[in-house]
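Pasting the structures in now, so scroll down.
Shared between the two complexes below is chain A, which pairs with chain B and chain C, respectively.
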Partner chain A sequence: MSTSRAKYYKGIVIGGSAGSFSIVSKILAHIKPDFKYPIIVCLHRLKHIRSGLLEGLNLKSNLQVVEPFDKDSIEGGKVYLAPSNYHLFVEYDSTISLSTEEVNNHSRPSIDYTFSSAATTYREKMVGIILTGANRDGAMGMFEVHKKNGYTIVQDPVTCDVDTMPKSALQLFTPDEVLSPEGIIDFLNKL
Partner chain B sequence: MGSLTFKTYLEELKKHTPYNFCEYSDNSIQRRIEKVLNDHKIDMEELLYLTKTDEAFVENLVDEITVNTTELFRNPETWEYLYSKILPSLKSKNTINIWHAGCSTGQEVYSNLILLNELGLLDKARVVASDINQKVIRSSKKAEYSISTNVTYIEAYKDLMKRVKPDANDFEYYCDIDKNNDSFKFKDFLTEKVIFRRHDLVTEEIPFYQKFDIIFCRNVLIYFNQDLQMKIIKKFFDKLFDGGVLVLGNHEALHGFFKTRFIKHGMVYTKSSTFQFKYK
Partner chain C sequence: MAVVPSLNDIRLITPVLEDILKLDVYNYALSFLRRRFAYVFNQLNVKSVDSFIEEIRKGNLVDDFLFHFQVSDTEMFRDPSFWRTLKNKVLPRYNAENLNIWIPDLASSHELCSLVVILKEDNLIESTQIYCSSPSLKIIEEVQKGCMLTKTLEVSKQNFKRLELQTSFEDYFVSEVGITKIDSSLFKNVKFINKSFFHQGPEENADIVLFRNRMIYYNSKLQNKAEDEILKYIKKDGFLAIGIKERICNNNVDLCHAYDHNEQIYQV
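Let's look at the complex of A and B:
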């Protein structure tokens, strides 16, 4: 059974691309409504389509999902979805800052950027979760989380629609856990 | 990274150059500096040495640290709002004063000029545009862009006009197109309307004496920490007419004190005249 290292966390960060919407949706639908940590979610999306991602996630989520504005405070029990066309950074004062700098691995938002900024800020007091995806963006960021002693979870590649992203992460380091979506839900609900 | 932290480096940069990035958002400015170190394959000590000794390096550094992403008609819904609600409300004025603060390579300046022209307001417009980065000011003045990277944005203009003014001029009306070079250049009647100036919002007084009806400052303040954002917003507040409009990026918001000094209308913030303004 999975047990986490730290007694408490400052934040949970989830990244994913192809196929990850339904997984995140599932996680949020089954997470306990009194989940106390903030969850920061960075998903790749199509650049010029207002995809209704936010509305879609909110539909079934037990926690409120928002697309944050720059310098919004990060609060427990809320889900922060990186807005389309902005990179999302976690700042030292527990606020979010957004950026429109260059795309990273063809991606804005870049999952690497969100993970590594969270790793710098939260260090060992975070959980990084990387899900299914067709892009390498995210693996380097998770490696940063690992290096800063954050708790790392990689979605089990056999349960992934596209396993490029989790496999790239697994090539870089050995995570604390490799879990199915159900395992991830279970893990989070025990925190 | 050695013993020299990025914060100490920023203090040194401030001491030895005209630039002050100390109050930029920590996490993102740190990443920008790390990127510079990586790109140049240097460490912090070497960066500091170059900063102190090489003026051209510093100018280049400013170009690399600052973010210059912009597009024509970025967030079309914002432009639709400006076209149908904000710009027409300025019709009765003799002059319409507009400032693009942090104009980058100028695409939004020209987007706005096109809309003003479509409303018959171009003659009344007095437009200034500024940026910290000398390089992008040069590009703005040149007004030349690649066709291929702008296809989707030109489409955005066409779609927007279909909704608000079906008999609008074609995009092509506003530019000279050079297909062989994959480039187009906005025509003189647009470029001549604008005074471009290098200006640092953080360290320099605002160089324009007039007050403004509209200030555009889109996706610039996101790189500043909250205290610095407040200082800049105060400058904007003082430079706007009552009822003047501040146009921010779509995921920027006013926090704290200034929330009550502006009223959010659709996609923009309007300066409220209901309070006597006392703020140090």
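Let's look at the complex of A and C:
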């Protein structure tokens, strides 16, 4: 496993849909408490349910999980969960911007948007991780991460509840890693 | 092939918009401008930035640009708990009074239709004057038609159910030949102002201002300016509602307090 492409990263971005809550929860439960990078998580979620997901992730997480407000600064060691019914973008000044613009791939938040904006801002100094999911949202965004030389990890489709999302990414480019959830945890803890 | 403007393109476009449309987009968030110009170009079939600038200078595309540039509200009754809070905690304070409500940046019919339904529910529709501002005449004309977008109708209906009212969606909206329209009598006391709220406020100061999810497209400087402008038109003890993921600028936190923190309703 190669982790030497960048000496340090500015951010980790994780996207997922169907089945991804339990994977993200597992990652956050096993990540080292002194993890120094910010983690930005964009999961497809029900538009009208504002609470529950955040509380669920915080139950076991070793890092603080927050649903950011617009213009919040991004800080290392924190997890930023895209709020329901808002797109989440990573800005040049290391802040988060939210948006109620049109849905993308029937989704708001759109994983593609979060990955793409992070790729534009962080370029090679980011890790993009795409997890299990039932539609193609996220694949194009991960492709942007790949094109900007960010480090790309796709969840191994055989470990996915629904493999449409990771397979869509694999059709577009060859990622740096195809890993199981345990492999992703191991990777992150070695950064 | 979609035209995605570069930062340099944006530097070329923004002074033209200010010159011709009197629209200050310098202080919109830069990443938003890139996305939104790309979206507008796609909607208007713009082939190049130069041709867009030329058309704007000629006075063509002006209202079409304003119409598409504005981000529409996503649906009716977005955040049902906000509308429940407005109904149960804010509006009861105005039972015996005439009420002025201002929507400073009307983007679509969703917010206005949601509001008039709530007012009708509380028997406040006759005693309420509503002002809606928009620089786009096309947006105003579309809203005046009272038509609902089919693609957001289902989620709007679901939100309405979550309000747990005694009435039904069909009491306020009628469907004819595939088009769902609001009962036009609910717009009787709505006055539209075809100006940017930065340039003109309502005729009377407002008791309640609905300005949800508009400042997320501004940088901090423009947000501050927008809040200053709006707060000037809110009566003492009046209310300002912003998006649930927006915050009031530090400069203005002393001018209003959080009346309902979860729903981001502030009292002046």
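The definition used in the following text is that the second predicted complex is superposed on the first by the 186 of 191 C-alpha atoms of A that agree within 3 Å, B and C clash if a C-alpha of one lies under 4 Å from a C-alpha of the other, contacts with A are read in each partner's own complex, and residues count from 1 in each chain.
Keep this in mind: a contact is a pair of C-beta atoms (placed from the backbone, for glycine too) under 8 Å apart; a residue touches a chain by one contact, two chains touch by 3 or more.
Please read all numbers here as calculations on a predicted model, not as lab measurements.
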(Q) In the overlaid three-chain picture, which partner chain does A:70 touch, first (chain B) or second (chain C), both, or neither? (A) both
Q) Does the superposition put A:34 against chain B (first), chain C (second), both, or neither? A) neither
Q. Both chain B and chain C touch chain A; at which residues?
A. 48, 67-71, 83, 86, 89, 91-92, 97-102, 117, 120
Q: Give every residue of chain C touching chain A within the complex, in rising order.
A: 29-32, 35-36, 39, 71-74, 78-81, 155, 158-159, 162, 213, 215-217, 220, 223, 243-247
(Q) List the residues on chain A that touch chain B in their complex, please. (A) 48, 67-72, 83, 86, 89-92, 95, 97-102, 113, 116-117, 120-121
Q: Within their complex, state which residues of chain A touch chain C.
A: 47-48, 50, 67-71, 83, 85-86, 89, 91-92, 97-102, 108, 117, 120
Q. Which chain B residues qualify as touching chain A in the complex?
A. 25-28, 30-32, 67, 69, 152, 219, 221-223, 226, 229, 249-253, 255
